[in-house]
Amino acid sequence: MLKNDVQNEKDYRDITIDKVGVKNINYPIIVEDRTNTIQHTIANIDIFVELTKDFRGTHMSRFLEVLNSYHQETLIDNLESFLKDIKTTLGSNSSYIKLQFPYFVNKKAPVSRIESLLNYQCEFEASLKEKFDFVIGVSVPITALCPCSKEISEYGAHNQRSIVTLKVRYQDFIWLDELIEYVESSASCEVYSLLKRVDEKYVTEKAYENPVFVEDIVREIALKMRNDNRITWFSVESENFESIHNHSAYAFVEQHTK
Amino acid sequence: MLKNDVQNEKDYRDITIDKVGVKNINYPIIVEDRTNTIQHTIANIDIFVELTKDFRGTHMSRFLEVLNSYHQETLIDNLESFLKDIKTTLGSNSSYIKLQFPYFVNKKAPVSRIESLLNYQCEFEASLKEKFDFVIGVSVPITALCPCSKEISEYGAHNQRSIVTLKVRYQDFIWLDELIEYVESSASCEVYSLLKRVDEKYVTEKAYENPVFVEDIVREIALKMRNDNRITWFSVESENFESIHNHSAYAFVEQHTK
Amino acid sequence: MLKNDVQNEKDYRDITIDKVGVKNINYPIIVEDRTNTIQHTIANIDIFVELTKDFRGTHMSRFLEVLNSYHQETLIDNLESFLKDIKTTLGSNSSYIKLQFPYFVNKKAPVSRIESLLNYQCEFEASLKEKFDFVIGVSVPITALCPCSKEISEYGAHNQRSIVTLKVRYQDFIWLDELIEYVESSASCEVYSLLKRVDEKYVTEKAYENPVFVEDIVREIALKMRNDNRITWFSVESENFESIHNHSAYAFVEQHTK
Amino acid sequence: MLKNDVQNEKDYRDITIDKVGVKNINYPIIVEDRTNTIQHTIANIDIFVELTKDFRGTHMSRFLEVLNSYHQETLIDNLESFLKDIKTTLGSNSSYIKLQFPYFVNKKAPVSRIESLLNYQCEFEASLKEKFDFVIGVSVPITALCPCSKEISEYGAHNQRSIVTLKVRYQDFIWLDELIEYVESSASCEVYSLLKRVDEKYVTEKAYENPVFVEDIVREIALKMRNDNRITWFSVESENFESIHNHSAYAFVEQHTK
C-alpha cells in the first residue's frame, strides 16, 4: 500500500508559520575559548525555519541530520553556514538557531591567586533571512551590595548574588570573556568558586566599598557598551535575589548604539 | 547623622532604564471565572516602571504598597487603574505588570460525564504608557497524535502531551475559558484529570481519528483567531513533547488580525 | 466484543510495587491558618498505594475520585481519613500522599509595622500502613550573614538569602506558623515583602549583629526542636545561596527527639 | 588586629551535623564511556562531610581545593580516593559526593541505521564512612503505550514519553550503558534523536505491539536486576507523562537482591 508523504501535502489555510522545528535538544558542542583555543561543552538547542503557507508540514528529521554534520565544528565560526544548510535542506526562506550552554573560565582568587573554574551560562542566537543576524549573550553571577542599606545603617549593608544577562550584536569579533569582564567590573564585586580567608576579606571589603543599585549595574554596563565601537546593539538585565526579601529587584535596558 | 535618600540622587549617565522594579512576587489574587463569578488563585507577579535618566533609583517598597491596596480586587477588571496608581506613586511615564497563575476549570469527562478540575497556566501582561495595552494568555495541555506516524504504520500512531500557549489582544471582552476552548477544539483530543474506562476508549479513538501535526495545531487556532472579531492580535505556539524523541517539536505564529 | 479489565489481570512476576499512583496533580486545597482559621491555596499532589504482587495494575482514576470527594475539606484535619479511603478504594495495604503548597502569612515590618504577605512553601507527607505517619514541613527564606566574613573584614560582611527546610513529626498539634517562627528566630534576620527605610536600617543592622554560619542555623533550630515536647522527630536543612560564590553552602541534621 | 578562625571555635550545642558542605557546583568532569573510553561532560556536584559536635564550622574552600586536584581524573575510577582526601582534608569521619551529569550515547536508528546522539541524565552518589558505598543511576526517556487504552479501543492507543530512573549498587563493575539497555528493553519502544520515515513506522508499530503499564516497566526492570549477579541493590521508578492527562502515572520499587 502506497503511503503519502503527509508533510508534503499542499496547505490551503493561507497561514505562514513563523517558526517551526525542534526544541530542547541536548547536544555536545565546541566553542571558541580565549585562553584555551577551544572548549567542549553541552548545549540546549532550538532550530527552526519559516514554513511557507503552501505546505502542510516540515521534515523534522532533517534538522538533526544537518546538526550531526556540524558535530566537529566550532559553532561560533560556522553558524551562518549552518543556517544556510538548514535553509537549503528544509527548503525555507529563513532559518533560526538558539544555543544555551555553560562556559567555564579559570579565575584567580584576588589575593591568594589560587585558580578555580567558574561557570557562566551563555547563549548564541542566530537567524538567516536575506541577512545574517547574530546575538551573543552571557549570564554572569555577581555580588550586589545595596547603597541605600549602607547609607542608612550604622554598620553592615545587605548584599546578594545577582545574575546579570548581557546580550550584544557586534560588527567586529568580541569574546564571551570580554562580555563577562564588562559585567564583573560593573558589580560591587565579582564572585569566585574558591576563596581563601585573605580573599574573603578582600571581596567583603571591596563589595562594601562599591555599593550598586540594580539600576547602577545596568547603567554602568550600558556606558561600556556605548564606548565599545564593536557593539552595535545590546540589552542588559540584572536580577538581584535580595537577601532581605523573598523576591527580586530587576532592571532592564536595551539600546542600538550604532 | 542625616542620611541621604540615595535613590533620589540626580543621575548624570544619561541612560533611561526601560524597566525597573520587583520580580517573582508570590501573591494571592482574585480573577474572574465564567462559571463561578470569581476564582481565588496564586500569582507570580512582576511589576516595573520606566526610570527616567535623571534619577539614580526607584523606590522598590512602593510597588508592594500599591499591590497591597488592590488585594481584594478582581485584577482583570482593575489592571488599568492599578497601572495608573503605579505610575503616579513611582513618578514614572510608563508602568508594566505581568501575572502568571493557575486557573481551574471543572470539566466533564466525555462519556461518563464525571467532573474533575483541570489546571491551566494563565497570564495577564499589561502596560500603560500614553495608552493601555493588555495581553491575556493561556497554556493548554492537549493530546497531539502524529498524522505521519498514523499514515505510514499498519497500526497505532505515536501521540503525546503538548502545551499550547495562546496570547491575544482584544477589543471586546473575552474569557480565558473561550481561549482554552479554541485550543482544545484544535487538538487531536483534549485532556482531563479523571477518565473512566468508557472515557479512555473515547479519547483514544477520538485522538486517532484526528491526527494533527504541530503545524496544524497552530494553524487551526490561527484561523479561529482571524474569525473572532473581538481579537486584534494573537500569538500561538505549540510544544509537543514527542513520545518517540527526547526533544520537542515546536511551531509558532504571530499575527495582527485587525 | 468483550474487553478485558487489563489492570485486574493476575501477575506472576512476584514483585510487590512499593508505590504506584498519580503524581504532579495541581489542585486547590484548604489548609488551617492560625490567624484566619482557613486559607485557600493550590497544591501539587502525589498519591500512591502499594500494589501487591498478585495484580498487574492499579486503577488510576480512583485516586482522583477520592481526591474530589475531599475537595471542600480542610486537609490537615482529614488526611488519615483520606488515606483510609484510598486504601479501601484501591484495595491496598498501604497508602501515601504528599502535598506541596504555598502558605501566606501577613507579617508586620519590624519598625514601621506596615503589613505585607510573605509566601512559604509548605509540605504535608502522610502514609497509612498499620499506623498513620505524618510529617509537616516548611521552607523559610531568611537572611544569613557570614561570621567569618564579618570577623576578618574591616567593614561589611557578605550575606545572602537562604532557604531553610524544617520537617517534623509531632505528638501534639503544631501550627505551620510555629515552625516558621522557629526558623526565623534562628536566622541573622527574617525577610519581609515590604520594608520602608526605617525597616531596612533595622534588618541590615540586626543581620550584622547576628552572624550565623549555615551550621549555626541548623543547630539553633535543632536545639529548639529538642526543647519542644510536641516534636518527636525532625530534619532541618539550610541552603545558603552565597553572595560571593556561584554555588551554595549547605547543612543538614536529622534526629529522633522522643 | 588578630582575627579568629571562627569556624575552628569549639561548639557546645552537642549537635553533630550529618552533612555540611557545598552544593550545586557546576564542573566539567571526565567519565568512562563503553564505546569511546572516556567522555567529557559537565556535572552538577554536591560534596558534604559530617561535622562532629565539637566544632562550630567546616572549611568550605577545602572542598573546592580537593575537587580541583581531581580535575583531570576519570571520576568513576577515583571516587573512593576522592572521598578519602575529603575526609582527611576536612578532618571528618565521613564524606559524601553526588554528581549528576548528561551522558551521550550514539544510537543507530532501528531500520535506516542512521546514527544520532541521545542524552541520558546520570548520577553517581558515593559516601565513605568505615566502608565505601557507591550508587550509580541513569534516567532514561522511553515510549510507554497503555495496554488498557489499546485493549478497550477499536484503534489507536495513547502513548507518551516516560522517564525511568534506575539506580543500583553492584559488586562487579557495570556500565551506565548496560543500565540504559536494561531500561530500554523494558519499554514499549526506545526513543531516538533522529528517525527517518522507515524508522518512525518501525517504532510506532513496535510500541503498539508492546503495551506496558507503568507497573510493568518497573517490574520488568526489577526482574532483570534480580537476574544480574553483579547487582546487590536497586531502585527503579517510572514517571509517565500521560498524553491524556495533565499529570503523571508513577511507580517505584526498591529491593536488596543479594
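Quick notes
Going by the order they are written in, the chains are A, B, C and D; count residues from 1 in each one.
Simple rule for what comes next: a contact is a pair of C-beta atoms (placed from the backbone, for glycine too) under 8 Å apart; a residue touches a chain by one contact, two chains touch by 3 or more.
If you're wondering where the values come from, they're calculated on a predicted model, not measured in any experiment.
Compared with subunit C, the chain whose C-alpha mean position is the greatest distance off is A.
Set side by side, the interfaces A-D and C-D show unequal numbers of C-beta pairs in contact, with more at C-D. Two copies of one chain, subunit A and subunit B, form a contact in which over half of the residue numbers belong to both partners. Subunit D has its Cα centroid 35 Å from the Cα centroid of subunit B.
With centres taken as mean Cα positions, subunit D sits 25 Å from subunit C. Separating the CA-averaged centres of subunit A and subunit D is a span of 28 Å. Shared interface positions of subunit C, i.e. residues touching 2 or more other chains, are given as 25-26, 119, 148, 152, 193, 195, 197, 246-247. Contact topology of the protein chains: fully connected, every pair of chains touching. Taken together, the subunit B residues at the contact with subunit C in this complex read 5, 25-28, 40-42, 61, 64-65, 68, 102, 104, 114-117, 119, 193-197.
Subunit A contributes residues 118-119, 141, 143, 145, 148-149, 152-161, 189, 191-193, 195, 197, 200-201, 203-205, 207-208, 241-247 to its touches with subunit C in the complex.
By the touch criterion given at the top, residues 3-4, 6-7, 11, 13, 15-26, 46, 48, 51, 56-58, 60, 147-148, 151-152, 213-216, 218-220, 222-223, 239, 246-254 of subunit A touch subunit B in their complex.
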